[in-house]
Amino acid sequence: MADLITAIKKVLEHTDLVLGWTTATSTGVAAPARFYTADEAEAAVFDSTCVHNLAVHLPRLKDKDVGIVAKPCDAQSVVELVVEREVARGKVKVIAAPCRAMLDVKLIWRRFGYGARIEDEGGRLQVNGREVPREDFILRKCLSCESTDPVIVDEQVEGDGHTGGPPDVGGRTDDLKERFAAMSVDERRAFWAEQFSRCIRCYACRDVCPMCFCRDVCLMQTRVPHWTGGSVESRDSEMAQMIRVSHLAGRCTGCGECERACPVGIPLLLLMNEQYRLIEEMFDYRPGSDIEARPPMQTFSIETDLWEGG
Amino acid sequence: MSDLKLIGFLCNWCSYAGADMAGTSRMKQPSGLRIIRLPCTGRVNPLLIQKAFQEGADGVLVSGCHPGDCHYNEGNYYARRRLELLKRMLPAWGIDPQRFHYTWVSASEGARWAEVVAEFQARIEALGKLEMGYPGGDVVSQVS
Amino acid sequence: MRIGVFVCMCGNNIAATVDTEKVAEAARSMRDVYHAETIKYSCSDPGQRTIIDAVEKKKLTRVVLAACSPRMHETTFRRTVKAAGLNPFMFEMVNIREHVSWIHSDMEEATNKSIDLVAKGVARARKQTPLTSSTVPLTGRVLVVGGGIAGIQAALDIADSGLPVTLVERDSTIGGNMARLDKTFPTLDCSSCILTPRMVDVKNHENIELMVNAEVDRVRGYIGNFEVDIRKKATCVDEDKCTGCFKCEEKCPGKAPDEFNQGIGESKAISIPFPQAVPLVATLRKEYCRLFIRGKCSICQKVCPADAIDYEQEERIITEKYGAIVVATGYDLFDWTKVYPEYGGGRYPDVVTSLQYERMLSASGPTGGHVQRPSDGEEPRNVVFICCVGSRDESIGRPLCCSVGCMYAAKQAILTKEHIPDSQSYVFYIDIRAGSKGYEEFTRRAQKEFGAIYLRGRVGLIYPRDGRMVVMGTDTLSADQVEIEADLVVLVVGLNAAAGAGELARKLNISYDQYEFLSESHPKLRPVETNTGGIFLAGACQGPKDIPDSVAQASAAASKVIGLLSKGEMETSPLVAEVDQKKCIGCFKCQEVCPYQAIEEQTLPDGRLVAHVIESLCQGCGLCNVACPPSVIPLKGYTDDQLLAETLELLRR
Amino acid sequence: MGRFIASENIPVLLTRLATDGAVWAPAELPDSGESVVFAPWQPGREVVLDRFTQMSPKELVLPMSERLLSFSYTLTMEGEEMEVESAIPGGHTVIFGARACDAKALVVLDALFHQDPETTWSDTQYRARRDDMTVVTIACVKGTADAACFCSSWENGTAEKAGSDVIIYPVPGGFLAEAVTIRGTEVTGWDMFDDSDQPLPELDTTDVVDFDGLVEKLVTPGVFSDLDFWGRESHKCISCGYCTYGCPTCYCFNIYDEMQGDRQGERCRSWDACMFYNYTVETSGHNPRPTIAHRWRNRLGHKFSYYPANQGETLCTGCGRCIRGCPTGVDIRDILRAAGEHE
Amino acid sequence: MSTIAREGVKATEPLRPEPATVVDVIEETPNIKSFRVVFDDPELMQSFTFLPGQVGQLGIVGVGESTFAISSPPSEKEYLQFSVMKTGEVTSALHELTPGDKVSLRAPLGCAFPTDEWKGKKVLVVGGGIGMAPLRCLFMHLMDHQEDYQRLQLIYGARTPRDICFTNDCKLWGEVEELDFITTIDTEHPEWTGRTGLVPHVLEEEAPDPANTIAVTCGPPIMIKYVLQSLEKLGFRDEQIFTTLERRMKCGIGFCGRCNIGPKYVCVDGPVFTLKELRELPDEH
């Protein structure tokens, strides 16, 4: 184990660049950064505002040797990208960083104003110098996180977050998830019809997703085939989202970036989490957990796929 | 006659032929189902089913060759995974999974096809019309 | 675009339940429809003429026909449309007979449904594009797999047409199961008298390359252009040198089971299965050879006058190109021993299979044509035949009929009487299936002329008592329990596909059923074709059948092969997937799911690695279309937009 | 003499405004991660005036998607007839709770869409909406701007009045109202307002970006041709469309047709974003702006050079939404400053 | 800069197309068709004017519209002609049209060749493939006013004989003595007895004198690139050379934002540019 900067420098000896974070001068929170030299690496940070999943950049850097500072959940994306043959294992070095649940920076800023000063030390969260309950501002995805064990490690950065078990979320549960689970199908229908009426079709959910590798030729936007119209009516927006969700079956590792990126706060993780659960239930497959795996929708099993219709 | 809309996606080799067989054998069936012919259930994109629900289908039926009998050897094995996942995802989208049924009917199972159609029609009739709950009816809703 | 809609009345088949005029009227109000009319019988010559005339007069660019199932007549009408000067794929067929008129009785409902379906057809037709077939050159060579009577017949027929044929047989001789038979029903011809000359013909035919001790190892390519690896097994005998003098077999000290004789009698480690074998060459089986077991012997090498023995011989892989493949791998008897403990499960020597009995009856068999009880060599008096062992028996999961048992039981009963005039045959049967020409008469003769006693019912138990076998069964006609003391029991065992048929099918990418019988493409329309273009079936590999049917099917397969390869090149179906390489993201999900290895990688001039569909390999299943995340590998004729158009049209009506 | 409205009278004002047309005001919708968007106001719905909206009120003059035309085909004896009709929106719109930067953005957009039809084209739907609208702006008084704001880069900054009919200033117990237009005077004359002597509260100031010279600089080969520079500056960007959709001045759109059945349909337009690859890709597959770097170069060029050169207005009002909402923390000011300092 | 046409595009409803009807469809090549269309409003048809180089947004309502050069000359009052290569959704739909079908049209849009300024000069027109569409219009217009120009020369190239558009026109032009007209195909072809060679090569072989000459070129990007080099080699200056650009365009009126090259919008500031203007624009084409 090494400290972050040493680890990055070490990885830089064998790679072209390292994807990591540095402190944004205007806000004091972490912002994605690219380190090409050991000098640049001095500016690297890792803290509970490193919310971004930097694996999204890997497919675009295919021809480079890339190091990536990754939270345990980001590391899953790296694994799944390798499984999907979007990234060659030999070209990525994973610097696993410790995580004890990330902060919902966007939520803090929505409440307290953009750039509000965030200090998160020793389990105590202060915003603009005033202590607030940390658990209230934990990113929703972290509430369901089961393990902070990184699945793939080339360099492990020391820290207190990597517990192997679930992260410290101060006992909070995901009440939206629970509420959704308790809804009837009709209530869910109404829920989504309302939620998608807010969608602005900015495709941030897609573009921020490491596993959405179609990139520039995405079906959510094409006219041929004309799966969905271009309007922001909830019907069209929902279809666009159905395309995205369906395409991520067996790929989505549940990193939650889609939901975090959504500027109008559509809780997309409710769908992604459910699909993840089903993929595991049906195929005993957890995307992002096994680098040797074969994606479940790209194969079949005569012996075990024994469902019919219902 | 009910105004329920039922769509069936049938593989050409087994179920479509089975439906033909039911016809040749003059097996009376309820008339709600409208059949779309495909080469294989492996050609059925689950999105097509979701799209159908969005656009007013009250029930969607997919039928193909029995596992092991696929004209293309493997098509229905992939289809089975895709369709089963969709079926289990439907509740998350707020659609009763009962509205979607997939099954296997071979070219010789005309009688079984007639049963499948009758049962499916009865099931959807019991569920009634599907309301997707989208506001507005225009192609494009206007903000102001 | 200008669409014409034609509504077939099919005489009264459709018109009795569907108001066809109303359907045509509704079609006239659909967009792009410039013409709609009803036709009494669209498939008739005047019917097709009506369509052609309308296309020409109204300058139609697409045709929608509401009639019977497209499975019935789609190709017919594509030709019609082509005759009218349109691309044959600018045609859409709507099924208002099997799917409407014949299954509904309410005219209004049926009419409305027909209108919906026509609208769906019109919506789909709008999205059609002209499709053209491409052609692939064909390799004018044929591979026949299996050297039984079906393979022999197919090979000879094809070779006679001038095409070079490779006949691959995994045993050391051709002839297959028919070579084991003594006589054939219903004529009681001597089996080898029919077969042997055909075998010799194969050997001598200038267009046939015979490859025994060989198996298909791997198959790549596609119709017209298969590349096949053939594994030529090491037999320690140089087939070119061996003269078939039998000296090695005579002197060989190594005993080995006699497979040709079905375990009746014994063979040697180096042997020729039977005197009429073709090719007449010896084969050494290492597992029984003293040299290979104990490291010392080489007698055969010493005695061989032709210097044909080569202990160092190695297995070879021979790779050849073929335009078509005929599979004629035949059958094996079903292994009855595991599922019929009540018949002794193989423990009683005097309970034999029909094929073993056949060898006993054969003059060339191990007993020289003398029927003997295996246990003591005595001539039997009472011989009991039990039909449907492993056939028509749902309790063991084998509901199929072996289709030959009734006939050969009758034959063997007759032969038994001929061999042992004072014998008495009993035949336990379920139904007598004797459907072909002369068959029914034949089974009657067995009973009337040869005195075979037929008992309708199953045998429940066989057990030995005082040196004889007690057969206990039920005569369901009299409802009596029957007990017969038999000297010999012959089980009329059902047929399975030959061992390894399923494995071969997987190599060939063709389908097969639970008994590993290979599946034909369509039982009536394409009975000798498989689902993989260029691969044909002949004989019992496709399902239980007798010699006449096998030969007929082999000739049918041969004619299909000759027809296919006579053109030199072949049109491929245009209903295949096609990659839009501009938009391909190179993820190769398509390749992973393609059952036909029809997708290859291609590097574009700009360096991008993209997918490409080998048209002649693609069978048009559309798996790739769905697997492709950006959906840029549309299956022509079934594109996303076509399916969407159909779906939405139905829903928006 | 100013006018004052008590906080509890805001619903009264909104009710009165609603009699003229649809009132859109910032609201937090349920299960939306506390995002605030402009939503149709209805009695009982809380108006959120103390937080920034994620979306700008641009959508009320240029909706995210709207109908441009409706068309229909009819079959006659002579053949097919086609009718095409412009869809012209009707009805008054009230934007309540815009910020000065949002209101100014409307004026910036007017420069393109609402030009004099005597001399050039004028956008049918935009004009119809813009001509029939009331804008009530909430002033950014001391302590209400945040670190993403940079409207002070322009001369008027938070004191910008262009585009507003009425500006309301939060004061203890309510709001002071300043009428900017005749319509503003009419509104503030209503009886839910009282006269007040209170002085207007002090306004906030924000970050300042100096983009002097960028009009020229962004088109000259130095910065323009340095694709490495643009690549470096945009490395975080994932090419989504939020910065343009949230932007009160980004106006690019797509036009497409949708059929309803086989005889009628609509020609629509929806927002499009210069950050999308699809935006410029040609049918041949060629794309003049294939990478994120190209697209950033165009985005900045368009906002700070091309539009100013063509329309006389900077296509930015410093609202900071693109900064606040960027999922990957891209700050347009960083890139502007870097471009300013280039070479 | 753009001129406001009151006829086909209303200033207050610039995105609303006029209904028009296809009167003739000409199959030019296997993937190019020319459509002759007339506005359904007879008054509009009568009063409609435009200049060579201007474009129209031709489309099918329900599918969409695309920008195409008007390939018939302004003197042609009976119809407007557009030549369309089948490439995408809209063009594929257009290719399905038969006479009597309805189309939508917004025209004229964009700026024109300044043919008035060229009076008294020689004009050299170099076209390739479908790029001949705007040039056909231009060339026919120049021929209509032949007396105003010193000399007219046209070099037109296509890949194979089957890719030559406007074959009837070509035949006609070949018969006019005062014209310098060359058709060429890229390489030898059994169906072709005429000239062969790539357009830039033929151009260099012909070596027209740049003095008092305007050169206009349009064709596939790669051809344009080499033609420009050849022209330069022959001594043409940037301001003597005109070309028309293609871009993805939607609105055609400079609103929707995508067709810009720096501050210039191809749809309103172009599609006609001089090489000099192009060189002054940021390098992003």
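Should a chain be cited, it is by its letter among A, B, C, D and E, assigned in written order, with residues numbered from 1 in that chain.
The rule is short, and it goes like this: a contact is a pair of C-beta atoms (placed from the backbone, for glycine too) under 8 Å apart; a residue touches a chain by one contact, two chains touch by 3 or more.
All values reported here derive from a predicted model rather than from experimental measurement.
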item: Neighbouring chains common to subunit B and subunit D, by label; value: A, C
item: Centrality ranking, top chain (CA atoms only); value: B
item: Winner on C-beta contact pairs when D-E is weighed against C-E; value: D-E
item: Most widely separated chain from subunit E, with each centre as the mean of CA atoms; value: C
item: Approximate Å spacing (C-alpha centroids) for the pair subunit A, subunit E; value: 50
item: Rounded Å distance, subunit C centre to subunit D centre (Cα mean); value: 70
item: Subunit A-subunit B separation of Cα centroids, rounded to whole Å; value: 35
item: Centre distance in Å when subunit B and subunit C are each reduced to the mean of their C-alpha atoms; value: 33
item: Residue numbers of subunit D (touch at least two other chains); value: 64-65, 73, 254, 256, 258, 260, 265, 268, 270, 281
item: Multi-partner residues of subunit A (each touching 2 or more other chains); value: 191, 194, 215, 223-224, 227, 229, 231-233, 297
item: Per-residue overlap in subunit E, given as positions that touch at least 2 other chains; value: 64, 88, 101
item: For the subunit E and subunit D complex, residues of the former touching the latter; value: 2, 4, 9, 11-19, 40, 61-65, 87-88, 91, 100-102, 104, 221, 246-248, 250-251, 253-258, 260-263, 282-285
item: Subunit D-touching residues of subunit C, taken from the complex the two chains share; value: 29-32, 119, 122-123, 582-583, 649, 652-653
item: Subunit D to subunit A touching residues, read off their complex; value: 29-37, 51-52, 54-55, 64-65, 146-148, 207, 235-236, 238-242, 244-246, 254, 256, 258, 268, 270-271, 273, 276-278, 281, 320, 323-325, 327-329, 331, 333
item: In the complex with subunit C, residue positions of subunit B that touch it; value: 1, 5, 7, 12, 16-17, 19-20, 22-24, 26-29, 31, 34-40, 42-45, 48, 51-52, 55-57, 68-75, 78, 82, 114
item: Parts of subunit A lying in touch with subunit C, wherever the complex brings them together; value: 84-86, 213-215, 217-219, 222, 224-227, 247, 297-299
